[in-house]
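So, here's a batch of structures to check.
Two complexes, one shared chain (subunit A), two partners (subunit B, subunit C).
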Partner chain A sequence: MDSLRIEATSCSPLIDFDAEAGTLRIEGESYPENSFDFYAPVFSWLEDFLKEPAPAVVLDIGLSYLNTSSIKCLIDVLEMLDTANAQGRPASVRWHYDRDNDRALDMAEEFKEDVTLPFDILAR
Partner chain B sequence: MKGTDLFNLQELLSRQKLLICFSGPFSHSVIEELGKAVRNHLETEQIGKSAIMDVFSVYVEQAQNVRNYTASCEAAGRPIPANSGIVVIGKDGDHYVVSSGNLVEADAVPVLSASLDRLRGLDKAGLKAAYKEQSRKPREAAASGAGLGLIDMARKASRPLDYAVRPVDSRYFFFSLEVQI
Partner chain C sequence: MSRWTVPRGTTEMSAQERRLLDWVQRLEETGDNAGHPLMEEFRTLAAEHRKLMRQLTKIATISDRMHTDSRQMAQVLHAAAQTDPLTQLPNRRHMIERLESELGRIARHGGSFTLVMVDIDHFKAINDAFGHAVGDTALVETARILRQNLRGHDLCARWGGEEFLILLTETDQEQAKTVAEKLRRLVDDHRMRVEGRDIHITLSLGIAAHRPDWTADACIQAADDALYAAKRAGRNRWAA
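Here is the complex of A and B:
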């Protein structure tokens, strides 16, 4: 399966999903003109990827700001991984936030509340 | 616009302690550039990164709400005057205030007012519960947003959301929202 890479812009994050290694990365800020259009290829890639039996998945998130429609999209991404994890496909999240940005920490903790997969919140 | 009118307008803006003001058709690039200006300005003030991000995010939600509403009316074949939107950011004592205004169709007013009145009655815990409930709802196919914007602003605000609606003509009301952070 092909990997997925979407370069960051000033209002949309880098998407870097490596199918072979099982490493997924979302990094930057997210308030695109239309979040659902922006994340549509992310959803469809993930859907295909999660149908395959391997490998284990690690999602590294380094998002310092998301608008509310991006938050909704990210909730949906996390739910897909959470479901896969519950069904036996190991999936985990590492959320990286800047030490001086409390809001980014609050946000990470709220996302963590809604899922059961391993979810580490790491200061950087 | 004549010099004296411009002077009066500028004086009105500064009397209201407005730092940044935009009135006109909202495009995504306008929202983005103005957002950068807001952040650059706040970074020169002695405030923390979290406070900067709160003001920025309330600004983005308001500006995108105005833009999305205008775009949805246009998509439905009922375009509203494109230059009817305004967003302003000001400072009142220790607090930043982000406000926006735009024309809304008369039909939309009852639902909008009801949801704002509901949010105004909720405390921090109630707002968080409303946010969680809304965030779990499946997205409506035609919606451009997630329905989370107002709740998110209410959670970041230091006092209940303030809004006003006033009739403009038989078709439109002018809706304004004021969020103190």
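Here is the complex of A and C:
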């Protein structure tokens, strides 16, 4: 399966999904004009990827700003992984936040709250 | 985990969620609904509905955090954009905004204000003789003296290189002369010890009371003209 890479812009994050290694990375700021359009290829890639038998999946997230529709998209991404994890496909999340920003930590906790897969919140 | 146990996390169950749960329970307890083949479908639908409710609350909570964060950052930036980094005095932009709002206030409610344009005498000579670091320290010290000897509702801004502009609210020309003389004397009497040297600086000040038909620019120009009159008259003095 092909990997997925979308370069970052000033208003959209880097998407770097390596199918072979099972490492997924979302990094930057997310307030594209149309979040649902932006994340559509992410969803379809993930859907295909999670269908195939493959090694454990690790999602690294480093997002410092998300608009409301991006929050919705990210919750959906987490839910896809959470479902896969519950069905026996090991998946985990590492959330990287800026240690100088207390609110960034609170926000990570909010994302973590409703999923059951391993979810590490790491200061950087 | 049964479908109806309270999900993990700190978010409390909303009244809306509670109503949904009660609804499902009521249906199950009515007649022989519990065994009806559609009951399972209904439970699944209700669970999906509840999941969406929770997700909506979650999205709103996270989004609120983002907004609070951005608002606070905007406030910090706004404050920084209005402050002179060297002296920590309000900057020119801040003074212009305040002057406009003061003019608006006077137009509506009457009253007056006076501007005092202040310039450090022979500042270039201090810079040339002792270097820019000493010049900067002299600016910071002067700014401190000016600010500490004005009332809380007056505004002292760094207007340009070695120029300060003071807005004295509810002050007429005669009162402003007293303030200008006080500031002139305080700086003249002060000895700044910078890097082992005694630096003596003096101020020239130009006073202009606002007149009813004046624009902000006209007030500033009048204070500037008075300042140059003080300079021409020999410096270390004020003119009105």
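The definition used in the following text is that the second predicted complex is superposed on the first by the 124 of 124 C-alpha atoms of A that agree within 3 Å, B and C clash if a C-alpha of one lies under 4 Å from a C-alpha of the other, contacts with A are read in each partner's own complex, and residues count from 1 in each chain.
Convention: a residue touches a chain if its C-beta (ideal position, glycine included) is under 8 Å from a C-beta of that chain, and two chains touch if they have at least 3 such contacts.
Every value quoted in this text rests on a predicted model; they were computed, and no experiment measured them.
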Task: Side-by-side fit of subunit B and subunit C on subunit A, or clash - done: clash
TODO: Considering only touches as defined above, state whether A:Asp18 meets subunit B (first), subunit C (second), both or neither.
DONE: neither
- [ ] With the two complexes superposed on chain A, say which partner A:Glu52 touches: subunit B (first), subunit C (second), both, or neither.
- [x] neither
Open item on the list: Between subunit B and subunit C, which one contacts more residues of subunit A in the superposed model?
Closed with: B
- [ ] Quick one: classify A:Lys72 as touching subunit B (first), subunit C (second), both or neither.
- [x] both
- [ ] Considering only the touch criterion stated at the top, classify A:Glu33 as touching first (subunit B), second (subunit C), both, or neither.
- [x] first
- [ ] Please indicate which partner A:Ser10 is in contact with in the superposed arrangement: first for subunit B, second for subunit C, both, or neither.
- [x] first
- [ ] Would you sort A:Asp114 into first (subunit B), second (subunit C), both or neither based on which partner it touches?
- [x] both
Open item on the list: Quick check on the superposed pair: does A:Asp100 touch subunit B, subunit C, both, or neither? Answer first, second, both or neither.
Closed with: first
Task: Against subunit B, colliding segment of subunit C, chosen among 21-29, 39-47, 57-65 or 165-173 - done: 57-65
TODO: Touching subunit B in one complex and subunit C in the other: list those residues of subunit A.
DONE: 65, 67-68, 71-72, 75, 101, 103-104, 114
- [ ] Would you mind writing out the residues of subunit B in touch with subunit A in their complex?
- [x] 28, 32, 35-36, 48-50, 53-54, 56-57, 60-61, 64, 132, 135-136, 139, 144-146, 148-149, 152
Task: Complex contacts: residues of subunit A adjacent to subunit C - done: 65-68, 71-72, 75, 101, 103-104, 106-107, 110-111, 113-114, 116
Open item on the list: Help me check something: in the complex, which residues belonging to subunit A touch subunit B?
Closed with: 10-11, 31, 33-36, 64-65, 67-69, 71-72, 75-76, 98, 100-104, 114
- [ ] Could you pull out which subunit C residues touch subunit A in their complex?
- [x] 7-11, 54-55, 58-59, 61-63, 65-66, 68-70
